[in-house]
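Naming follows writing order (A, B, C and D), and every chain is counted from residue 1.
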Amino acid sequence: MSQQATIADLVSFRRDLHRHPEPAWREFYTTARIVDELETRDLDALYVGPEILDDDERMAVPDDDELGKWFERARDAGARADILERLAGGYTGAVAVLERGEGPTVGLRVDIDALPITESDDSDHLPAAEGFRSENEGFMHACGHDAHATVGLGVLDAVSDSDFQGTFKVFFQPSEELVAGGKAVAEGGHLDDVDYLLALHVGLDHPTGEVVCGVDGFLAVSHFRAEFTGAPAHAGAKPEAGHNTNLAAAAAIQNLYGISRHSDGATRVNVGLMGGGTATNIIAEESFIEGEVRGETTELMEYMEDRAHTVIESAAEMHDCDVDIAVEGKAPSARSDDALATIVGRVSEGVDGVESILESDELGGSEDATYLMQHVQDQGGLAAYVGVGTDHPGGHHTRTFDVDEETIRIAVDVLSESIGRIAADQP
Amino acid sequence: MSQQATIADLVSFRRDLHRHPEPAWREFYTTARIVDELETRDLDALYVGPEILDDDERMAVPDDDELGKWFERARDAGARADILERLAGGYTGAVAVLERGEGPTVGLRVDIDALPITESDDSDHLPAAEGFRSENEGFMHACGHDAHATVGLGVLDAVSDSDFQGTFKVFFQPSEELVAGGKAVAEGGHLDDVDYLLALHVGLDHPTGEVVCGVDGFLAVSHFRAEFTGAPAHAGAKPEAGHNTNLAAAAAIQNLYGISRHSDGATRVNVGLMGGGTATNIIAEESFIEGEVRGETTELMEYMEDRAHTVIESAAEMHDCDVDIAVEGKAPSARSDDALATIVGRVSEGVDGVESILESDELGGSEDATYLMQHVQDQGGLAAYVGVGTDHPGGHHTRTFDVDEETIRIAVDVLSESIGRIAADQP
Amino acid sequence: MSQQATIADLVSFRRDLHRHPEPAWREFYTTARIVDELETRDLDALYVGPEILDDDERMAVPDDDELGKWFERARDAGARADILERLAGGYTGAVAVLERGEGPTVGLRVDIDALPITESDDSDHLPAAEGFRSENEGFMHACGHDAHATVGLGVLDAVSDSDFQGTFKVFFQPSEELVAGGKAVAEGGHLDDVDYLLALHVGLDHPTGEVVCGVDGFLAVSHFRAEFTGAPAHAGAKPEAGHNTNLAAAAAIQNLYGISRHSDGATRVNVGLMGGGTATNIIAEESFIEGEVRGETTELMEYMEDRAHTVIESAAEMHDCDVDIAVEGKAPSARSDDALATIVGRVSEGVDGVESILESDELGGSEDATYLMQHVQDQGGLAAYVGVGTDHPGGHHTRTFDVDEETIRIAVDVLSESIGRIAADQP
Amino acid sequence: MSQQATIADLVSFRRDLHRHPEPAWREFYTTARIVDELETRDLDALYVGPEILDDDERMAVPDDDELGKWFERARDAGARADILERLAGGYTGAVAVLERGEGPTVGLRVDIDALPITESDDSDHLPAAEGFRSENEGFMHACGHDAHATVGLGVLDAVSDSDFQGTFKVFFQPSEELVAGGKAVAEGGHLDDVDYLLALHVGLDHPTGEVVCGVDGFLAVSHFRAEFTGAPAHAGAKPEAGHNTNLAAAAAIQNLYGISRHSDGATRVNVGLMGGGTATNIIAEESFIEGEVRGETTELMEYMEDRAHTVIESAAEMHDCDVDIAVEGKAPSARSDDALATIVGRVSEGVDGVESILESDELGGSEDATYLMQHVQDQGGLAAYVGVGTDHPGGHHTRTFDVDEETIRIAVDVLSESIGRIAADQP
């Protein structure tokens, strides 16, 4: 693939990323491939890894062993060593910049990470049938971020090739699936001068040909991991000597779900993961729970977070255990600005293949694009989260998820033309 | 080593077993080595694996993959292929028989399995210093069963070489650590004609030179594993659709510890292991808890078991989940008969190196030798569980546990002379 | 007071009711006084007690002792014996009917019961200062139902005196505070031909002079009382013999609050009351919990109710107890029809003393007027719940609550004129 | 009755006390009657109420209203006003002293309080049939303390009439049922010079004619009452504003029962009473739990007490509530001295009507006579708790409990003769 990629080039690029899915902060191959492509373009600036991230805000970064393993895997898969070196330590992602004279600064945010899901090898599953199924067994692009990254490249080319006036930046954001990368990118500096921001998601249960101009209903979210430490003891001979972390964790779980509903709006709580202990006859010395709280607003999420921490700490104390609570990912709520959504809607009417345009829809989940949207809105800019439908055989986050590649073309057209119109209209 | 092993032979044999620790039902190398030695003796009968076990009563047998892995490991370590074949499917253990004319049938039970503990590699730790540390990383003879098996051989030789009159059987029992093998051996047929049974344990916090003639205070025990199955759901978008197994497991844990104390005597309950879920934002679909209940008597253990099952099943139902409870190990309580303990005590007085003799002591834990003891007692025989002290630097079930090898000689003398006296006196 | 009551008459009547507050199904004095007044009017029909209620749908009816006590108290306070007799057994409330030629049937629903709250005797509290404080110590009209009943009379007189064409019915409904009377009135037959229904509430944190034309945001609600029965035992001597209802109730409480939030909208759960046991050293044999679940829609309430019953039953089973769950009150959600609210708003503009008109507001609580509203709407009619503001010094359900009596006049005007307009316009 | 009561006098006295059962610290009538009788004897000293109690150690004293009510009731029942005045404030109980020359000081402890149980009025129930059923409805001598007090008088007379040499004291102790009076009497000063102490209990499932010379197996006990304070809120409109004490109490209950068993011996825990909240739709602002912990030894009880307080405080904190924990009664464990029990046994052989003598038996419950026993033993004296069997139709603490009055005579003989022998032998 070289500058001004054809749709065929983009499809081929997407399939390459699909074959090499990488989870949060481990997008070494992915970033290297994106940067490799970007370097063939006539960009005004290209920032990589540590240059785009606020180091204090990276959440849920894996340990060095885990990072090293994926680093090696990327190298073995053929990623360029010179780029990889810039990503060492899990500093993934990139920002590409075009400067085209006077005009506003417009940003596009796409995310690039994959999920710990084993991809279907059924012959009905197109990536399996066509030979681009995941080569990183146990991991999969099951949420379309391979397509997102590809659309980022395509829009860059299209804007570059248009009469766009102003500055255009594409943010290739790492670690969205853990809502662990958005804040680091939002605080990384490159968003500070952005006047208008679009973020993209494909699918979301909308078919190919449907566009959602301004997605709303983002739940603010906070992920936590609580590690309980107690004291082991033989459960038969000396049970009273144990400080039982399994019991502390169970008390925490029971009471976390019991945090009161809130009259200001929807809240959520889940302990998705738990584990602890070493043997049936030993009082457990170490246990953990991992979960999340959400709120319809950031304030509601923070209410849940405060209560959750109190519950967890009291549960530990109740059973003479210690606990360490880490926040492992976080995203605020946000709203799409109508002024941008209106432009997206107007533009979409003229895009080939678009058959249905929805002004808005509720996400009902969480996304850390909200950090970027909020950052732009906080400094007086506008932001919208655009959904571009795609026929996906399996649901998001399932092993049979796939993207109708026709969507890539539609998304490039909708977004690049919207960006042109935004720069022209400056709503 | 050949027939009539010297103490040096026995020590060398014990170190060989120590280097190759194997957990429950995976004692392939261990059984093969024992059988290899036994075949050099002039035995009247030798039964191996499936010939000594009641197939319906084996508990906690690992799956085929796990068994296969250890089978291969034993082969690679040099175990005889012809013996290994007889053990396929995890049918480990052996029974050796000497017939020496008219007289009672006396049995000796020793256990042979190891623990999932990583052995110390500290230079203070003798097996590390002397080169016989575990070669199966992550597993270790941390409870002296390597010495037990060795003593079994030594006593066989000593009895064979004595003027013992009657029948003598040594039971090399697999899978004691999970209390999962005792019942299968007890019901395997070879115990049906045993009139007197001794069982051996070294250490138990008694120093080298101390003998406990009849250990008591066995807590009856039952191990359970409960697997909860629910339904997953996205914790943000559709929380009500989940059937939350982490929550069910937490309710079970809380209420298991709350099972009422019993006025008839001591009881215990522990959930030693727990785990569940896949991701923070998914309602957990599968969780498990693994634990145990104990009682000072078998009835008390059964009271706890009944209540535990009710609690677990109700906790599942409470959260619209299913649960499958498996009993993974079990042992009754038992008492050592005074008549045998008295003989052991009398004999020990004359054994070189014995400096202290205790009539009795409380184990305060569980042991499935009780199945064998109870089987013999139920048919009118007598049984005693003999403790032979050993200086052990680390506690039982810790990574620095070791056996003072002088104990092997003392145990062989105490047990072989007791067996001779028992046959002579027929108490 | 006689037909065509003056405002002074109405105020005096309200103060009489205020002096004699009676809780659910015990509104003997209140009903007798209302009926006594109604009999002085030229009505076309007057139905009392059992004639207005579906006997199968009365919820939370007190036992005979309790009913008898209040019956005697009403008699002692001077209620007419002939009317009281018709109310025996707790069949309280009345329906008054005016027939004025051709035209639609319009209904007005007012509620008449009081609360178990001790009224303030502070000199700042007007009823105390002016001598009409509650004479039924421990009970109080702390939610304005004394004013509601009074407005019912006033509107009857005003409609009677107007050129209203059609049929007009006033429903004096008992037992709203427990949401226990609405369904029995809704199913009592007199609502079957009602085309338009208005329901009234004063206050709701709106000041005198403010009208809310169509209140919305009713949470569907279901009250439950669960009575656990176990087996007592001496906690020291025989703890295992107890079937512990305090423990079962605690497990139920913990897990009730843990019922999952729902993505379709707001839900609530509360265990407001609990009790159990007889002595510290006895395992509790009887315990109860009383609580409620709510939902933004009737379906959400029913989801909560189903889950709550499962939790309670499983908690009982978990601890070998029985449980009996009674539904003690219930109300669906409902919405005010815009067409009626619009008329109320238009009319209010011309009412003296009305200074602020709100199209709508959220109640955020529950009300069993919704049964009547839903009944009318189900048969094709329209309904609206009208709020008429009043300056109330203390909040609803507090001991210093009081009604600004100017509100009575405003409410009579707003409602009677709305009823005339509705009959005329038939929206 | 006058000095040197006949058995008929004693029976009549017991029936008088039985008709006037009074619970802990409210034994006004009972104490007044005892003192009235004592004043007719030729005593060397008589101490009443405040003169026998350490004021700092009285536990679970009711409030003034409650005390006042029982005080009046005692006056109305004919108790002497001059004695009652000395008991004001709930200072009940008495100590009678005989000084008979040189010799040891021997004490006898009897308790005098009744239980909150409604006595059977069945014609099978002797007190009902014979007209001495409880006149304090809802309260009952259901544990034989009416007989204990009576035996105290009888023994005093018998010792007085014998050739006993030394000092003899009878302790009429209040408030045993709540284990709330023993410590105050033990620390009250009159026990400091006691060399030998006997305590009495009738029944305990032993028939008339059986004597238990030295009861053992007292569980140390501590009663607690925890009062949770939170914040109320409307459960529908503002649930997040509540600090839910019902939820905090439920978390406490669940986790109290989960306190680990102890390898040193038997423990117990029970939450016998719970209550909280005001209405189904209000988040509970106040709740309480009342319970107890026990241990086979005082140390085990203290282990349970420490853990219980941690659990309760953490449960409050977990739900943003405050909690106040009061210890409402307490008793240590204790053992009967064999030397005294031996004398009781020897003496009993010669007592008319004694047919069976048990050296010892396990109480399996708690008693605050242990405070007095321990006090004597701590200063080098000896103590024994003597059981005198009685045929009791209903169990202790049930509404059909009664005492076979023949027991009174047997107990007087056994105890008075034992006291004489103890003084003579000084074991």
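Descriptive notes on the structure:
Following the convention adopted for this analysis, a contact is a pair of C-beta atoms (placed from the backbone, for glycine too) under 8 Å apart; a residue touches a chain by one contact, two chains touch by 3 or more.
Everything numeric here is computed off the predicted structure, so don't read it as measured data.
Taking each chain's centre as the mean of its CA atoms, A is the chain most distant from chain D.
Here A-D and B-D are compared, and the pair linked by more C-beta contacts is A-D. One finds 50 Å separating the Cα centroids of chain B and chain D. Look at where the CA atoms of chain A average out and do the same for chain D: the two points lie 68 Å apart. In chain B, the residues touching two or more other chains are 237-239, 244, 247, 251, 254-255, 257-258, 260-261, 263, 268-269, 283, 364.
Listing the residues of chain C that touch chain A in their complex gives 254-255, 257-258, 260-261, 263, 266-269, 364. Across the complex, chain A is touched by residues 116, 219, 221, 223, 234-239, 244, 246-247, 249-251, 253-254, 257, 268-284, 287, 290-292, 294, 328-329, 364-366, 397 of chain B.
Put simply, chain B touches chain C in their complex at residues 237-240, 242, 244, 247, 251, 254-255, 258, 260-264, 283, 303, 310-311, 314-315, 317-320.
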